[in-house]
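Step one of this worksheet: look at the structure below.
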Amino acid sequence: MGNKIKIAVIGGGSSYTPELVEGLIARRETVELRELALVDVEQGREKVETIAALTRRMLAKNGMEAVKVTVHFQPDEAIRGASFVLTQLRVGQLKARAADERLGLKYNLIGQETTGVGGFAKALRTIPVMLNIARKVEALAPEAWIINFTNPAGIVTEAVQRHTKAKIIGLCNVPITMHHMLAQMLDEPFEALRLRFAGLNHMVWVHEVNVRGENRTREVIDKLCNGATMTMNNIKEAPWPAALLRALGAIPCPYHRYFYLTREMLEEEQADAKAGGTRAEQVMKVEDSLFRQYRDPQLDHKPEALRFRGGAFYSQVALELIAAIHNDTGAPLVVNTANLGAIQGLAADAVVETNCIVDATGAKPLAFGALSPAMHALTTQIKTYEQLTIEAAVNGDKRAALLALIVNPLIGDAKLAADLLDEVLILNRDYLRPFI
Amino acid sequence: MGNKIKIAVIGGGSSYTPELVEGLIARRETVELRELALVDVEQGREKVETIAALTRRMLAKNGMEAVKVTVHFQPDEAIRGASFVLTQLRVGQLKARAADERLGLKYNLIGQETTGVGGFAKALRTIPVMLNIARKVEALAPEAWIINFTNPAGIVTEAVQRHTKAKIIGLCNVPITMHHMLAQMLDEPFEALRLRFAGLNHMVWVHEVNVRGENRTREVIDKLCNGATMTMNNIKEAPWPAALLRALGAIPCPYHRYFYLTREMLEEEQADAKAGGTRAEQVMKVEDSLFRQYRDPQLDHKPEALRFRGGAFYSQVALELIAAIHNDTGAPLVVNTANLGAIQGLAADAVVETNCIVDATGAKPLAFGALSPAMHALTTQIKTYEQLTIEAAVNGDKRAALLALIVNPLIGDAKLAADLLDEVLILNRDYLRPFI
Amino acid sequence: MGNKIKIAVIGGGSSYTPELVEGLIARRETVELRELALVDVEQGREKVETIAALTRRMLAKNGMEAVKVTVHFQPDEAIRGASFVLTQLRVGQLKARAADERLGLKYNLIGQETTGVGGFAKALRTIPVMLNIARKVEALAPEAWIINFTNPAGIVTEAVQRHTKAKIIGLCNVPITMHHMLAQMLDEPFEALRLRFAGLNHMVWVHEVNVRGENRTREVIDKLCNGATMTMNNIKEAPWPAALLRALGAIPCPYHRYFYLTREMLEEEQADAKAGGTRAEQVMKVEDSLFRQYRDPQLDHKPEALRFRGGAFYSQVALELIAAIHNDTGAPLVVNTANLGAIQGLAADAVVETNCIVDATGAKPLAFGALSPAMHALTTQIKTYEQLTIEAAVNGDKRAALLALIVNPLIGDAKLAADLLDEVLILNRDYLRPFI
Amino acid sequence: MGNKIKIAVIGGGSSYTPELVEGLIARRETVELRELALVDVEQGREKVETIAALTRRMLAKNGMEAVKVTVHFQPDEAIRGASFVLTQLRVGQLKARAADERLGLKYNLIGQETTGVGGFAKALRTIPVMLNIARKVEALAPEAWIINFTNPAGIVTEAVQRHTKAKIIGLCNVPITMHHMLAQMLDEPFEALRLRFAGLNHMVWVHEVNVRGENRTREVIDKLCNGATMTMNNIKEAPWPAALLRALGAIPCPYHRYFYLTREMLEEEQADAKAGGTRAEQVMKVEDSLFRQYRDPQLDHKPEALRFRGGAFYSQVALELIAAIHNDTGAPLVVNTANLGAIQGLAADAVVETNCIVDATGAKPLAFGALSPAMHALTTQIKTYEQLTIEAAVNGDKRAALLALIVNPLIGDAKLAADLLDEVLILNRDYLRPFI
């Protein structure tokens, strides 16, 4: 069996899994696999078994039939003996996400799944489940690394890091997608760009673009001011106002639109909801169609249509991270991990998204120094929102929950926050511990 | 002439001045006056001369005719030889304030004179004038203390402190008014209450209420939750939501309503503007009526009606501060001064509003420690807004100005901020250096 | 019984107690006493009963016979119902102190009781006893304040603050003595001087001397450079080198001589030890003579000779502190309490010695800002030594103990530290928990 | 000419240069050379010409005769057009170093060239010369990187970084030597070890030894406690006391002996000085013998004897750093650069020695977090000493100089410091600006 490893995937029935499998096939030489253990909830049995069958076909096609693909409805056996535990779960499925979005719309607020009231509701639902998984990892596979994709990824990663001893790194495809887009914009190979990321998950800026020692940040900003766009599948494409970009002197990530262009984003969300349904409602349709394809016993590769699902480069980042840890390479990756002083003015144990070096001991952030004042203020606000949300989720603390919503820049007003909180707690009562 | 001092009042034609004069009369034994130099702009000649005449009558009635009352339309001669320079000026008069309020209303935003876009516009107009005054103090009366009442008082005080060597302390009547209200609420003498203030000007919380060693904070919060109100003349009375107070565990100041109850405050502002006009428009009427009374050659005391103007306890705080410095008393006062580490997480040179000890060397804040997370986040945001505004005003820096409005929680949206900035710069073009 | 209070004195058999009693008599109107409970160890029975008898005579002479004076050999009954618990105990008595001094001399090191290896040994002996007292206060008189005089006062105060919930303030007569000396030097009344103290106990500097708003620091330094001395009874008088004072720009406390003039201090200590014995050995003789006087049934006042014992102004600071808390006065006092950000670069919970405002809620330090670099470095070193010593004493942690001695600037060398540690643990084996 | 670069070597006449040339030959494919410009002072003409001739023979032997080797007695022409400026100069030559050592011995103090009074004297002599070089680089080759080997390397690097705009990275062979030694001790390949360095130059600890994800720090400490040694040519071999290593939980660098084992090191230094002369005096002999060999027109390679000179791995680190910058590789190297928050509690602009990622934009330290308290205290002390020394050297500030010596743990005593300072200023009067 040698150095062949077992990977557990919590939320293995996700429509993204074939993307991950494709990555495992592509990297089979650097990350040799022994077993892929897919875990999902009982209600998702049909989906996860569909995924398992497709996975087996994909592996077989590539001469990897020796890899065991197992399916589990309790995490324990999947976690035991695993070297990596990938978490990509969705508590309450897309139905809960749609409810979050509709709640936002009801109050004329952004209902997106990682920011605003939607992200808050998702965090409350998800944190208890993730802590439960992490405690099992602690007990059953203490040397394993949790690779977390579960959104809101920054909050979830910090909750696990603060409240368990499990080793965890949070991952997101935003940084790598920005990297690809900037490479394309500058007509340079991906590898030639050195980007300086610092911020939080879904709220990260590129502060510097260097190509072979030359600082080309200003050139990128000029291009963006002149209409070049840099957006991702699951975010509406609103071009950045030139004055904003020049004032920031940095490149915001697509999710920053929720904060900097709130009014416009809300209008588009409202229009979309009227037209084709909310994002979750649209995704449900995409998922139905994807699973129809996945069930085809002839299908032995990732179908093209998956790329509309929004997870571009998902397997690239996942596999690069796994390979860096497994092979102790010291690779430079942008991940979510404890700050340790890298970004000035944030606590050492606050989880941040920034350039790291990853080896077998984990991720170490590069010292960044201070964010410029306006970025520091927004980051402080969001990090405080995140930490209050974690406190609320872990302790069922209604006061922390209310403050979280008040601190969140997409809400702010205390009466609005109180109304929203009441609704969130009722809508999610099946997933939450009692709040007092 | 002994230890008798000269006090200069910049903006001496203000309707508040008789309040100050009343204070000078009441404290004549601790602060012996030699000269009161009233300075105003040429356009305000009639008003300041009215005030000067009334002042002379008030002093004479109290046997203080030896005090010289002088009127100036250039600050230099007023400042020379002064021990204290009180700044209570209003660049652009109430007309400019009314324009700020109307601008806010046009965009469905709070237009109040110290928060939001109104405070921003006022800061841009005021900072250059105040720096000019401060540089004259530096040159002509380097030992003098500037006692600043000019709003936005926190920003103005920090601008002077950062960009000149003049000695300055910022003052506001909010803390003392809260102190009086809380004493009344607890049915205790004013002196028995020890209140712990920490925050920024017009954004300060009472974190602890102690009476003879007993912590009665919770009792005060309970009372406020049960309908006790604590509001000031110039702020609308919206009772605090109980959930907010209990979550904060502290007592917000009246101006916090603009941040915590934005929607409600805006609605009231809009309704008021329709009914009796904006706050500035109402104040103009009050002022007209006040000055009619002031002109009465029989009037030799502060008229009752002044108390509707909103400056309760204005002379009490001013005179207590002057007396503490002049007599080197080490009195405990709540003022605006450099943080010096008192509030954790704010820069040493950030101006904060907190409990200080005041003696002849100035104000020294008491170490407070950390604000609770939600308060720290809001304070960081507002302080960043303030510092970006100062940078904008001092350097005519349009990028800093845009970021200031984006960081301001009452604005936030970048496109809205850009539109507002354009209007502010046009409306105030007579008062501003060129912005680039 | 009204507002009359009970004060417990742990170490009531100390020769200093009559000084305290004299203070209680002088302040009887501001601090009305009901009971004075003297606690000591069984071995000190004769001494504490001598003190109790003298105390009763002193009180009677001043018409205070109504005050109950009780003697205890267990602290519990003394602490129960007390408003203040004064701790001035000496674990191992002067014999242990003499052993510390002789140990230092054996290794050519300063053996003084609050610095170097002597202070370290004393801290190890004292912390467990003080924690025991503090836990009893927690349980039996949770509202009481511990006023700690026990040396090393900074370390002991921090140990109690870190490891119990008892309320404690540390006191020392160094700041008040410096204040008196500086007043005399400037020929100004005590009250006219405003001094800015910041540092640690027995390592505090006066950073600024202000008299009625005028900064006279430089003048004081000039006087000191020209031979004015400022020393205390229990410290050898070595004049400060002018170059040092001018480089510091501040006035060191007498105990700084151990750090800045180590060689000279050691030589004097060695010479004294040869001549009249170590400090403890000399004090034993003073004590014998004092107790002989105390036993005189005619004696009903503090004998003059006590002033040679070295506790000048001891009762002044103790009573001022008690009065400030008891009467909620907000008096400005220099005490040892948690830093809370007052001195930049030290942790919020590090105990520092600096200007505070004291009222019924305790002591609040005034924000000081940053120490100049050379002072910051020494302060960091000593504070680290102190915290390692506390860790060693509380946990019986030999590694922390070794590091404490290595970090202490009077030791430094690791082999020397190891040898010293072995000897300290053996010499004090009766007082220490087992070290591992 | 393509991408071929020019390297200037300030202090090119050093006996180390053949080591560097050997490295340039070995790496000729990754760092293609166009010109090697050797700069030295006029007094060193014979030496630098000897080195230039040997260099040409070495290059020729390896088919690199196309590389131009130039000799300069003014830096300007050497710097113009250079991509890298290596600084390895020695102001006052070995004679000055010997004088420093003898001065130390006179006062019973360590006289070593980078710590204590010797390092201080060397810093005072060297900083003005290095600033002069750096200002020329600023003007003549603003894109060039200064690679500084000149001791005391941490101080010199920080002086240049603080007072010029030249780009500089400080290098030392201590980290790489420790890495080689630890690899040997664990019988693992060099590449398999991941070491966590954090501290200052010549005062750096290895905090963690990881091999393929396994933390083997404790094993290394055990080996060292059991007699394994890890020393370098130019430091006396004193085995570490086991108790110290276990208390630290980290591996000190060889130079830490001067701080932790001061007494022993001093005794050995004194014994050596009596026997074979001070280190500088011994090195002079080695140098004479080396240059005799260098002059041999048959010699076309680095002579074996050079390895006794103490510069093990000097060319390896120099070339790895040059290659990482030149080829934008992002290589992990341990260098001296601005802290940027990497080590908690040190200023962002303090130069530290720690793990960095090096690419064409320079060196970025990995966030380390907090040093353990005893290490933090020593580091604060030494960094403060360094910064006061820089201030003294740059401004001729005698007060800063005195404080530097007082803060230095090898001196401490103020009178001793004053005496030493007088001697240092006289001995080095030819090299220093006037001190006041």
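A few notes on this one:
All chains are identified by letter, namely A, B, C and D, in their written order; residue positions are counted from 1 within each chain.
Everything that follows uses one rule, which is that a residue touches a chain if its C-beta (ideal position, glycine included) is under 8 Å from a C-beta of that chain, and two chains touch if they have at least 3 such contacts.
Just so it is clear, the structure is predicted and the values come from calculations on it, not from any experiment.
Using the contact threshold fixed earlier, the set of chains in contact with both chain A and chain B is empty. Between chain B and chain C the CA-based rotation angle works out to 180°, given as a multiple of 5.
Interface note: chain C and chain D, two copies of one sequence, contact each other through mostly matching residue numbers (shared numbers exceed half of all numbers used). Each chain gets one centre point, the mean of its Cα atoms, and the points for chain C and chain D are 46 Å apart.
Centre-to-centre separation of chain B and chain D, using mean CA positions: 57 Å.
For chain B, the set of residues touching two or more other chains is empty. Chain C meets chain B in the complex at residues 194, 208, 210, 212-215, 325, 328, 330, 332, 339-344, 348, 357, 359-361, 364-370. Touching chain B in their complex are the following residues of chain A: 241, 243-244, 246-248, 259-264, 345, 373-374, 376-378, 380-381, 384-385, 387-388, 398-400, 402-403, 406-407, 409, 412-416, 418.
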